[in-house]
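Accompanying notes for the structure given below.
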Amino acid sequence: MEIVRPEVNTPQEADAVEGAYINSLIADSTSAIPDPDRWIDEAVHRNVFLTTTDTILAWGRQRSIFPMLFATACCGMEVISMSVSRFDLSRFGMDVVRFSPRQADVMIIAGTITWKMALATRMIYDQMAEPKWVVAMGACAISGGTFRESYSVTPGVNRIMPVDVYIPGCPPKPEAVIFGINRLHAKIIKGTMDDPMLSKP
Amino acid sequence: MLDQFGYVGILLLIATGVTVLIPILPMLFKALGLIPGKKTAAKLVQYESGMQTIGKTWVQFNFRYYYFAVLFVLLDMLTIFLYPWAVNIKDLGVGGLVAVGIFLVILAVGYIYAWRKGALQWK
Amino acid sequence: MTLLDQFQKTLLASGLPDWAAYLVPALMGVILIVAVSLTLVIIFIWWERRLLGRFQLRLGPNRCGPEGILQPVATGLKLLLKEDIVPAKADKILHFLAPIVVFVPVLMIFAVVPVSDGAILANLNVGIIYVVAISSISTIGIFMAAWGSSNKFALISGMRTVAQMVSYELPVVLSLVGVVLVAGSFSMLSIVQSQSIPFILVMPLGCVIFFLGCLAEMNRSPFDLLEADSEIVAGYHTEYSGMKFAMFFMGEYGVALAYSTVITTLFLGGWSGPLLPPVIWFLIKVVLVFSFTVWMRATLPRLRVDQLMAFAWKGLLPMAVINLIIIAIEVLVVPASMLWVMVILNFAFAAALVLLWSRLFTLGGGRVEV
Amino acid sequence: MFSVGLDHYLILSAVLFCIGLVGVITQRNVIKLIMCLEIMLNAVNITLIAFSMYITPAALTGQLFAIFVMVVAAAEVAVGIAIVFSIYRSRESVDMENFNLLKW
Amino acid sequence: MKFERYGMGIAKGMALTLKHLFRPPLTVQYPNEKLVRSKRIRGNELVWFPDRCTGCGTCTKACLQGNIILVTHHGEENKFIVDKFELDSGRCIFCGLCVESCPYDALAMGLEYECAKYRRGDTILDKEKLKLSDKHQPSAYFRPQFYAQLPEQSLLIYDRKEGGQKLTLFPLSKRKRGPGA
Amino acid sequence: MPIKTEPFYLNLGPQHPSTHGVFRLRVQLDGEVIVDVEPIIGYLHRGIEKLAETRTYTQVIPLTDRLDYVASMTNNLAYCLAVEKLAGIKVPERAEYLRIIFSELMRLANHFLAIGAFLNDCGALATPLIYMWREREKIVDLCEMTCGQRLLFNYMRVGGMSQDVPVEFMPALKKFVAEMPKFIGEYEQLIKQNEIFLARTKGVGILPREMAIDIGASGPVLRASGVNWDIRKKDPYSIYDRFDFEVPTGDVGDCYDRFWVRMREMRQSVRILEQAIGQIPAKGTVWADVPQFFRPPAGEAYGHIEAPKGNLGFYVVGDGSIAPYRVHIFPPSLMNVTALRDMAIGWKVADLIIIFGSIDVVLGEIDR
Amino acid sequence: MPDLVFYLLAAIALVASIAVIMVRDIFRAALCLIVLFMSVAGFFLLLHADFLAIVQILIYVGAISILIIVAVMLTRDARQGYPLDNYKYVAGAVGILLLAAIAYGILNTSFVNFGGAPPEQTIQPIGQALFGSGYVLPVEIAAVLLLSAILGAIAVLRDK
């Protein structure tokens, strides 16, 4: 469900194309994308040869995640709370906040994703370099939250992209988000050990 | 003298070797299967805040500082004359200072002219 | 006579052929420089993140290894394993070459930095201008990246590099002339040796101008317009990922480190200092200079591009020229043994000049005045 | 001492000069034309310094000349590009064909 | 503006940052140290007391998004027996309206906020997960009866000396490998 | 005469570090100079007004929290005022004071973020934001103590507050208020005289007085343009007439004035807090027992307050049922952001960012 | 060893200079020009002119090429140079003839070496020569040339 858009030359064309693609995105996202979680419950089976490499790879990946702050709404405030001095995300090596998707590793979706925004969200997700992870933070990102009934809101970002960690709350407390990120660390370790290709839809 | 520059040349070679290796290494890893990911059309679109770029990307960029660029090129010539003088200042003495002074004054005229004419200003 | 030359002599004396006696010390020196500077860059990245954290009442990375010192290693490892994306519309050759062109000059600067007496790779006769000339190549690299990645944010950033380069190169070059005037040589070694009093005291204004110029050339706050992330996302490396991005990242800190060492050498008396071994003194001074830039980064907002240029052209350039003339006259008048006279005189002149210039010069916020 | 001698440098610079000349004649894009002029001036500089090195090694006269050539080159580029800018304003082109202001 | 003060303002600002350099950091090293949250915390779960719940359904009505699914059947003595009491914590906004409205104090906000899940399905809290347990403690939000037994909140307003920023400390030696490490 | 070039389009946003949410500015640039700006909103349109029609009067309160989520309690207040007007409910004395206390705390919290983010846009690498966030954390702590949440409080109810503040609240608040002027002084020291900051903001993005009135701007944006307009003074709601405070105004209407008006407003808020702490009755009910499913009479009412960002109005139409027939929200940010285009044309990209930052918008409120 | 470096640099210089006129994309052409400048600096080094080599980088790579790049940015269709389109054959002929003439001249002249060793340091002698002995007037004339270039450039660029 990848979005490829034709070249546009004027703002009018761009708007028309955007509208058309939002509609097709809505039509495409009627069901949730399965969570990439095959290996979570299994014990890590350590391949004798790959163990060391994998450990090192996983260590590197896990210890320095560059977050891409995708703060769209209220949850974004808690993302700031989490990254400033009281809860200091940089302890985990996450202080290098990159705003370019090329350099980011994890997309923390903090806030409501409306259908209009979903297009940009999906596009940015597509533009991120592998390996990449998605954290859905807050009720809105998980399920649409209190706006789920609304005509304009995506019922959960797992309709448009696979989500690795769900952090419930509205907004989740900063600790909750850090806990979620720790869960992501654990997932990265397991995932890397099990399946370095981490292939995703 | 050449032998000292030879060191620099060797440094250049080795530094280039190392740095060329750095971007090539990931290609190797990719071939080994350590780096995931495949090229998709959307991934290769240039990033512009999650929106489609409107129009060409290699646009004609109005660099309004061309005055500065022109002035810079001309004033950069100072280096050629000032450095040889600066090393020899003791030997050249007052005569050299006067010569350089005149040199600077002549260029300062140009600089002040540029300032007066508003070339050092944002229009 | 540098250590390398001595080593070469001994090798020659022990009967090695010419080329081997030349090549062996050279290779050793080069590899040492590359390795040490890369390691130092990594340590400095960590140091900046920790220090910045402490300025901001946080801790900074502290989980990887003792006190987080392995953090940059982890970052490097991760970036190594990151997919490398070249946008479809990019100029692929330039996109590939740009990080290399940025990074190589950074390493090249270290060739002329003396770490202690004689411990220098190449004792060039033109040491000082070599630094300026080499670092101007990096600008081309940055511009290549900006142009090659076919991204409008990058393009804006690329033009900003040009603007910075165009305005700050002259003050830097001119303030260096002052150093040459007093030291009477271009060679970094003899400059350090001639600093019986650190040149920061002898020519405070020159030092400040050079420092500001360096800040602009190493794209650090308040002149970090190239990666003004609140304006143009990530600037010229918006489209770079993986190892190429790491090279820009390292290159940035590498330049910062390189200029810190250059400032240390030129103005802070290089390796000289009492009690401690020279290398330690050198490192201490470098860390201090670097920490100062971090401190500025933690405090200052960023200038706008036209203000940046106005500051350089209307403020620093004339002051640098006047400063230069004053120093030239002093060098001719004051005997070399009485450097302290120059200290006093120059502080007075610097204060007067700054006072005077601040009346003339407006760092305008308005639309018309630059 | 060197097997590479003066002749090598002279030939090289002659070749560079001729490449520049061919460029100057053939290019329609004014900016490229200026670049070709730069190639020619550089070729001249090589000649000067080679002469200086091989004929009067101690006197450095050639190097002094080269310095002045550089000054001239800088002035030429600056004024040349200024003229390009200024004509570009009115003609919106950098094509030589449009630069026929002085054609009779 | 004239550059009149020759950078005095910059110097002042830099002095302030330097002063902050020597202040103790505020950081709570979260997985190892934990702040004590408010007594009335609305954590990211609810605690349900099955023995008190009559299945009256007030909470489902009070929920602004119909998040609580309650299925009951008639038991003896005209009582309702709750078959299914389920809510989706991935959708709940923890507004507390259901807790406020429960007439029998059978529902309370929970203390727990470390609820990140790998799967969307795991965020749904069913009867078993909602029950009181040593992990699921009720908070004092609208339930003043729990107020006394909860620890004092740690406030940033007070210095550490004055008892602010109180932390639940997990000694570093006991640090487990795994998510928190 | 500059060289003629074709302007090009640049998308700033929806995902851009400086857009404070999901705001999109389609900028037409000539070099770095802005030829035209087209703000495109709607990336956070969540249909709050429509959803409010399907929920009861009490259940709308959590929704209003999510409008201006930086200072969410002020939204509750405006909504509750409107509904209380509609239903004719009298709020108990202590609750009125609590409302004042919390709305002033919210004003502080909002301005901390506004100024911090504004300085971030100026390129100050988060340090001011981080220092100010420390103070904001203290406010958040106070709110969390009261109602258990850190951001979206859902604390006010029609007819008062949902519950009384705990006993620890007052001492902590007193300490906070006592320390506050010192910290505000620190921020002034940090940035107010910084030459770079002055050069960036003085004279940039001037909003003339007349235009500010014409576009219907309000809050600090309006006051910075020299208009002394504050609903707390002009139409005192709640019990604001009992307090003694000043309304700071600017004179030019540039970014610096907007910053400086906010700075001084914080001091005034602290003043109000001091007075409120002194006057608040120690005991008393905080809620005029309004049932959760109550039915106000049919009719309509408009309640407006001076929210931190400006004039926030709620227009509630009731049809006698448990749910409002229509809720219309008049957000200050939307009015203020309309001035952006006029302020930004002719400036550079960097200026556009700080002009936008100085307006201080919240997208939840604009898009609703 | 220096011979090897010479041939290497010569190859680079030739390729780069041919690329300058053949490459369609003006920006790439400018980059090739920079490569040429750097290789010329290399020649200067081989010819014991260390100061000039560094100045070559500083002036040509650092300043002149930047100016050229700025000019490239300002023009529309920077991707479209016009390689070799007018007088292709005439130019080729002229070039080859001239080259032949020069080569003939060079190979048939025997240059006299006036002897003496190249100085170990070039900056000091250059300084002495420029400001100490007889070259002061040319230096001032150079300054006047630069001044007139400044005035001319500003006058040309100024608003009409």
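The chains carry the letters A, B, C, D, E, F and G, assigned in the order they are written, with residues numbered from 1 in each.
One rule holds for everything that comes next: a contact is a pair of C-beta atoms (placed from the backbone, for glycine too) under 8 Å apart; a residue touches a chain by one contact, two chains touch by 3 or more.
Quick caveat: nothing in here was measured; it's all calculated off a predicted structure.
With steps allowed only between chains in touch, the distance from chain A over to chain G comes to 2. Minimum number of contact steps separating chain B from chain E: 2.
When each chain is reduced to the average of its Cα atoms, E sits farthest from chain B. The interface with the greater number of C-beta contacts, when C-E is set against D-G, is D-G.
Distance between chain centres (mean CA atoms), chain B to chain C: 14 Å. Note on chain placement: the centre of chain C and the centre of chain F lie 44 Å apart, centres being C-alpha means.
Centroids built from CA atoms put chain D at 56 Å from chain A. Separation between the centroids of chain E and chain G, computed from CA atoms only, is 71 Å. Residues of chain E in contact with at least two other chains: 1, 3, 5, 10, 13, 16-17, 20, 25-27, 29, 37, 64, 93-95, 156. Touching two or more other chains at once are residues 2, 48, 50-51, 55, 58-59, 62-64, 66-67, 70-71, 73-76, 120-123, 126, 130, 142, 146, 149-150, 153-154, 157, 159 of chain G.
Shown for chain C are the residues in touch with two or more other chains, namely 53, 55-59, 80-85, 124-125, 129-130, 147, 152-153, 156, 159, 162, 166, 169, 173, 186, 229, 233, 238-239, 242, 298-300, 306, 363-365.
Contacts from chain B toward chain G in the complex involve residues 1-2, 5, 9, 58, 60-63, 65-67, 69-77, 79-81, 83-88, 91-92, 95-96, 99-100, 102-103, 106-107, 109-111, 113-114, 117, 119, 123.
Residues 9, 14-17, 21-22, 26, 38, 42-48, 50-51, 54, 62-63, 66, 69-70, 72, 113, 126, 129-130, 133-134, 137, 140, 150-152, 363-364 of chain F touch chain A in their complex. For chain E in complex with chain A, the touching residues are 25-31, 34-35, 37, 44, 64-65, 88-95, 113-120, 122-123, 156, 178-180.
Those residues of chain E lying in contact with chain C across their complex are 1-6, 10, 13-14, 16-18, 20-21, 23, 25-27, 29. By the touch rule above, chain B contacts chain D in their complex via residues 66, 70, 73-74, 76-77, 80.
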